[in-house]
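You will see two complexes here that share subunit A, one where it goes with subunit B and one where it goes with subunit C.
Entry: the complex of A and B
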């Protein structure tokens, strides 16, 4: 593999991990606009452990991820009292506060950034991203995914049917935070450098963009969205300075035509259900 | 010293205030977190700069920049807001963000990524009250912002169109049943919020004498924070929130240091959201927003 291709694929792997971190709470109807803050926690915590305490990476990375998840749990409980746009703004503020705290934390270098000595190669990063995807595919086949959908579609009914709505919401939020921390920990050890400025609002917001572009109805959406967002600007590289402008136009037009995202439930079932869907549509039209 | 910083904070707050009112119009009435507004803020400053450097008269440059912002906002309505009705509530947010990226990159292609020096339009004249120094430009923009908000508040409460807008904010379905032409009203609201954002951009450019393709992001996000601190959907809440965020920013720069601005500003936002989610003077939400 050429160095360029490897570089692009590594970026893709990080984007996939971030996308699933956003996807989990979003599947329960919560928009997390502060995912970069949780990535920063994972990155800084694991880097601090390997740098200062000479922890091996295999121990430091899960601990970084767990710390991000724990922060998600502790902060999620008060923050998830708010709903809808208030929740989105609370997570947005949270992301800003976390990265600003790291920016001012002198033990991890402050604004100058924090060099990391241990190194994970590209293959380690690919493996981590694959692990996250497999975990998500597994989760999508458990009752947990059903609960998420139920809470998103109608919290009141889910509550009446005995689903602990707040429990599920907090769990999805904290688990998403842990996935973000996991990605962040690998980020720190792959690039050997962390700076708080990297984990800004735009990182959070763009990650949400991948997920909504890919579609939140199925577990494949975030993967497809992240892949598209990473690879398309590379393909447009020929038209150098126009590429982001062209890309933005494409997003606007695409979302206007297909607001539910690229991958939808009906798209995946299209082949299997072609006939029954046609019949159902006909009967519902008749009714 | 403290009094001077309070004055500076209020001046900066005036700009956040206009942005917060622009956001609050879109959220309160249309239930739409319009992320293209920071782009329109930038467009106001950048295009005015562009027309002035091309040699056009200042008044014409300002008018053209405002008109362009209004026009772009109509495009946002057409492509980001209208097709999304009835779908997932997060989706319009993505498209409006697409407009922000598009506007920033178009300006980047034309002007480059450097900060440009905006010409000094207002004579560098300072008023002195005791030990306080107040720039004419700053005072002018504070007065202009307050007048605009007063006028808007009067417009919403006392005119027929204003009543229609408040009806739509209360319940869109009922408004349609009452015969209110939402197809005419919604683009009007988009133009109004775009003009507020672009005027804020112009005032920012005149006051701080610099423009760049990315000038909208920081100010825009603080405008969102100001809107929520005050209370979403409430104009006076946006005014209070804008001034508070401006004060918090200037005071924390002076007394703690420039790096902690985000901690104080967004920490304040987070605290408000946890303790009093409806904002300082907002009413509790009776329905789900977004």
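Entry: the complex of A and C
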């Protein structure tokens, strides 16, 4: 694999992890616009433990992820009392605050950034992203995923049926934060350098865009969205300097035509039905 | 024997307008009861107070001997009470079967159940049970459809079947026959009789008096949030107050 291709795929792997971190709460109807902040917690925590306490990476990365998740849990409990635009603004501010704290924290280099000792290669990053995808696929097969949709669809009825709406929302938010921290920790060890400026609003907003583009109705949406956003600009690289503008226009038109995103339940269902119809036709022919 | 549902002195206002006034009645176990009254009488509000959508202003609500008046709405289904909705409240992006699975939640509320990858097993017992419940109402053909696009009569029945899956001993049904054609209404009646045969107590809000007459032993009549009569339908029908309340309405 060429160095260029590997580099692009590594970026894709990080974007996929970030996308699922946004997807989890969004599937329950909660927009987290501060995902970069949780990535920063994972990145800095894991870097700090390996640098200052000589922890092995394989122990520091899960702890970084858990710390991000714990922060998500503690902050999610009060923040998820707000809804809609207020929740978006609260999480937006939260992301800013977290990144500002790291920017001013001298023990981790402050504005100068923080070099990280242990290195994880591309294969490690791919494995991490694959692990996140497998975990998400697993969850999508459980009642947890069912309740995410139920809570988003009709929280009043979900509550009357005995589902803990707040519990599901906080769990999705905290788990998303843990996934973000996991990705952030790998980011720190792959690039061997973290700086607070990287974990900015644009990163959070772009990630939300991938997810909305891919669609939140199915577990495949974030993967497809992240792949499209990472790879399409690369494929257009050969063309002119207008590629970003063209890309942006395409996104606007696409979202206007298909606001539910690229991958939807009806799309998957339609494909499945076509397959079974095909099978039925084949067996009736045989008979 | 404790009543399935006991309501004492229930009162509720919305923005100063009294929707329910000092309402008391009981639904004894096994006695199919109808809650009737003109439009806006407060029937749905009673269901909303009992299920906990709104808090009460005054009064007590007891389900199977448990005082639920101040219990969080989420916990009430655990006391054995479930409901359907007049305006059909299904989760539109889920399939019929998935709506049924949400209905089973209260009986499968452990962390283990939450994280069981049941979708990997085509014949997982949750799905089998949900399909059987749908089959009892002749709805199994719709199991894998997304709810949003289904015909009204089908969604109405699905909303009811979901309520039955909580394993409740008391079902509150808000206008289950509204909008159904005659054959659907007959099927609904047979279904309710099956539920009654299983020992489930029904509290039914319904405008169709033929339907009420065919399944209910006791009738509570509401008007402007107050109980104006109670008893068997044949008696209640003769009541002067009831006749006045229904003037202009063809049914009573």
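In this text, the second predicted complex is superposed on the first by the 271 of 287 C-alpha atoms of A that agree within 3 Å, B and C clash if a C-alpha of one lies under 4 Å from a C-alpha of the other, contacts with A are read in each partner's own complex, and residues count from 1 in each chain.
By our rule, a residue touches a chain if its C-beta (ideal position, glycine included) is under 8 Å from a C-beta of that chain, and two chains touch if they have at least 3 such contacts.
None of the values given here were measured: they were computed from a predicted structure.
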Partner chain(s) touched by A:208 [first = subunit B, second = subunit C, both, neither]: first
Partner chain in contact with A:192 - subunit B first, subunit C second, else both or neither: neither
Which partner reaches more residues of subunit A (counting touched residues only), subunit B or subunit C: B
Contacts of A:259 with subunit B and subunit C, given as first, second, both or neither: first
Partner chain in contact with A:86 - subunit B first, subunit C second, else both or neither: first
Subunit B versus subunit C as contact partner of A:162, first or second or both or neither: second
Partner chain(s) touched by A:143 [first = subunit B, second = subunit C, both, neither]: second
Contacts of A:97 with subunit B and subunit C, given as first, second, both or neither: first
Touching partner for A:249 - first (subunit B), second (subunit C), both, neither: first
Common interface residues of subunit A - those touching subunit B in one complex and subunit C in the other: none
Subunit A partner contacts - residues on subunit B that touch it in the complex: 27, 33, 35, 79-80, 83-84, 87-91, 93-95, 97-99, 101-102, 105-106, 108-109, 217, 221, 224-225, 228, 232, 259-263, 265-267, 269-270, 273-274, 277, 285, 288-290
Contact footprint of subunit B on subunit A as seen in their complex: 26, 31, 78-79, 81-86, 88-90, 92-94, 96-97, 99-101, 103-104, 110-111, 201-202, 205, 208-209, 212-213, 216, 241-242, 244-245, 247-249, 251-253, 255-257, 259-260
Residues of subunit C defined as touching subunit A within the complex: 51-53, 73-78, 82-83, 85, 89-94, 98, 101-103, 105-106, 108-109, 113-120, 144, 146, 162, 166
Subunit C-facing residues of subunit A, complex: 138-144, 146-147, 149-150, 152-154, 156-165, 217, 265-266, 269
